[in-house]
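Below you'll find the structure, written out as structure tokens, and then a few comments.
Chain IDs A, B and C follow the sequence of writing; residue 1 opens each chain.
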Amino acid sequence: MDFFQLIISGLANGCVYGLIALGFVLIYKATEAVNFAQGDFMMLGAFVCIGFTNHEYMGLNFWLAVPLSILVMGFLGYLFNWGILRHMFGQSQTSIVILTIAMGFIIRFFAGATWSHEPTSLETPYAGQDIRSGGLVLGIDEVLIVVVTAILTLLFYLFFSRTRIGLAMQAASQNQLAAYYMGIPVKRIHSLVWGLSGMVAAVAGILFASKGAIDPSTGLLGIKAFAAAAIGGFGSLPGALLGGLIIGLVEPLASRYGPSGVSQIAPYAILLLILIFRPGGIFSQTQRKKV
Amino acid sequence: MSLLEIKNVTLRFGGLVAVDNVSLKVEEGEVFALVGPNGAGKSTIFNLISRFYDPAEGRIRFDGNDLLKSTADQVPSFGVARTFQNIELFEQATVLQNLLVGRHRHRQTGMFSNIIFSPKTYREELRHRAAVEEVIDFLNLQPYRDKMIGGLPYGVRKVVELGRALASEPKLLLLDEPASGLSVEETQDMAFWIEDIQTQMGISVMMVEHDMGLVSAVSSRVMALSDGKELATGTAAEVQSHPAVIEAYLGTGDISKTGTSRA
Amino acid sequence: MRFVFKTSYDADISLFKHRAQAVWYALLLLLVLGTPLYFVATGDAYLLGEITGMLILAIAGMGLMLLTGHTGLPSLGHATFMAFGCYLNINLLSAGVPWLIAFPLSGLIAGVLGTMIALPVLRLHGVYLALATLAMSMLTSDFVVIAEPWTGGIAGAAVPDINIFGMEINRYSTPFKFYYLVLFVAILLVWFYRNLLRSPTGRSFTAIRDSEISARAMGINLTRTKAMSFFLSATAAGLAGALFGHSAGYVTNETFDLVMSITLLLMIVIGGLGFIHGAFFGAIVVGIIPVAIANGRTFLATTFDVNINVPGLESALFAFILVCFILFEPMGLYGRWLKIRTYFELFPFYRKDMFKRQKSYLKTDRVQ
């Protein structure tokens, strides 16, 4: 039973990593930009919700605050692309990486200054409640994480495979100039994608903060999400989620059954191994320049 | 023994056969042209010689050396230099620096000698500089010597690309569409240069080209390809009048004929 | 307008383009040599210590600049190499090796270690390489803790003093000597760097940065050349780390952390990616920010009686400056300086888009 608790807890963490990785891969697939601040987006989303919900701030109703926070983060993501990244159109990937790293610093500072530097938890109406079934005790917050993630994944799958916007996003990611000529409003699509990604990050943050405490430096677990995205090959949404689950599971298992200290470095070791041996991820998508 | 021998080379990209059992020989001192419709596999053959691709079957020998045993960066040391169809110059460097990189295969000093700029490094720099100056004179690149590639017009870049290949003092020069995108005058210049490269510098040339005027003017021999297969080989006039070549370019006009018909 | 008439190949090969440039740099040399004298007058060596710190950062920055700015390989793990150099230095000095041998040796060994670590990831590009170096730096932080006998683990280690032929050099007791020592190392490395750039090795580095395919076609062995670049870069970082250790006096496993790696990268971008000066300009910015913030705080406190004390302001301000540069001046501080200088040199023929870089809209253009 203890093992099963470990699995569920690992899955819950994995879903959070997976959601962050999802947001990350969304942006990468559509705009080729690498958002090193995705983890900080998550943290910001959590704090926005905390700011709406917790009694020491605005004390709004939880079920009102959640959609509000998601919208706010979506708007911020959209704004970030519209206001800043748009000007980087056509420039090298490294510049964008550096830009997002810098944004991460600024977001961290902003969160600390606006809300708090101390670990803070999100006040939820279901805090501390459990589901009990046949000797199993599962926290509702953990179950909710898994359920929400599953629903989101399905929604995204439908969005990209069935809607015109999804198709347009894929076109814009391959050849921006050609997409323009086909009438696709590339820059607006990019902003939409960033908005979507912001929303996903908000969901991840809310879920995470409802389960545990969060402080401005929590965003750094985004690096583990990169490992998750790498497993999926950076271009695959289901791969990102799968990667997140794998990392989420490896951590508690390694901490329980492996030598001490391994569970801390496991995500980074996995990231490194994948980059060295299968940079295309498990679902490999190779590319080559044609001369 | 021919300078370059390609025997029964086949290259597949998954299910697509890019080069299908092609054999050719380039003799020393000649200008050998590869012509054919787009997608015929001409640049692919260049990439095979440059060792960017590995053939599924076949052999490639240059100057008696088995090229298939080498990696891409070892090829220039045998005396092969190439240009690229889409111009692969070093954008953030000057023309001079681009040409100097072309001299890399003649490099004799190592990293540590370079760091302290030993007298040996200094002498080597002077040598390279002098050699590059010859190329600049030949191609009339003097006005552009210190200009960044980024600001140069297309025609000049094509010439710099040629210069960079020449700077390595090759035995065989692979020119990938040297005249594409050039104006009439620039193409004429290119024709004169290729002729000079062949006759004055004694460098053999192999080129991929669509401009049949240029091909007729400078080539010793021509091979036509289509769909990765060889259609005809001979002089420019022979190849141009070969029925299979005409069909590949212009089609037969006979819609009742089954099989490949291309417009 | 100045016309430079070149009458020999030396004009292209030599370090200075024309006599005036040599004169300017000579003046700069005099300035930096004479800086400590100003502090003798005021009697306050604190600022001199800060300047020395900037020089050390610049040395590390030069290492990263060679790798990222000139060879095009982004690295988010350079603090790791600094850590190598620092701990190697500590252990060698503690073992009784004289400083004059221990110092360069620790740099070189750091270079070798760095190259070995980098070998598996040399074929990666752009973001993948950045992520791999990021993962490596996280792993190395843990390794520092594990290698406790050599590194002192979490408790940390004290850095022995510098002793050259009996002359003791310490940051606090002999700040002037320390400054000149660091200055000497910095100038030496600049000379090495400039020699590198005007020689075939340096050109092969920039060739890799600009077009790997072409570089291969010109006969440049990618793996070996990238490894060379890593070696030199890690050596410089190692030397900087050793000096940093001497400057700090005491180091722990948190001294050379991810934040320092990121700071180095952001620093050279602000300074100007692809120029040696960029490392120095960037280091000056990093060094000035805390001073500026402290002064700003004092000013606000005394004039408006407002007390602002927000942690993390330095990093945020630094990041904000970087964002401004990336958006409006991608060539960094030195790039802006170049444009201004060219404007005056070519006056009135300066054209606005002289330094415009080509943008790549096609995915295949961005793939290397």
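In this text, contacts are C-beta pairs under 8 Å (C-beta built on N, C-alpha and C of every residue); 3 or more make two chains touch, one makes a residue touch a chain.
Small disclaimer: the values here were computed from a predicted structure and weren't measured.
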Distance-to-centre winner among chains (Cα means, whole assembly as reference): C
Per Cα centroids, the chain farthest from subunit A: B
Centroid distance [mean C-alpha coordinates] between subunit C and subunit B, Å: 41
Approximate Å spacing (C-alpha centroids) for the pair subunit A, subunit B: 48
Subunit A and subunit C: spacing of chain centres that average the CA atoms, whole Å: 33
Shared interface positions of subunit B, touching two or more other chains: 52, 84, 88
Junction residues of subunit C, two or more chains touched: 213, 357
Of all residues in subunit A, the ones touching two or more other chains: 291
Residues of subunit C touching subunit A in the complex: 68, 74, 120-121, 124, 126-128, 130-132, 134-136, 138-139, 142, 146, 213, 258, 262, 265-266, 269, 310-313, 315-316, 318-320, 322-323, 326-327, 330, 357, 359-364, 366-368
Touching residues (chain side subunit B, partner subunit C) in the complex: 50, 52, 71-77, 81-82, 84, 88-93, 96-97, 100-105, 107, 109-111, 114-117, 121-122, 124-126, 128-130, 133, 150-151, 164, 168
For the subunit C and subunit B complex, residues of the former touching the latter: 9, 12-13, 192, 195-196, 198-204, 206-207, 209-211, 213-222, 228, 232, 274, 354, 356-358
Parts of subunit A lying in touch with subunit C, wherever the complex brings them together: 32, 34, 84, 87-95, 97-99, 101-106, 108-110, 112-113, 117, 173-177, 216, 220, 223, 226-227, 230, 261, 264-265, 268-269, 271-272, 275-276, 279, 287-291
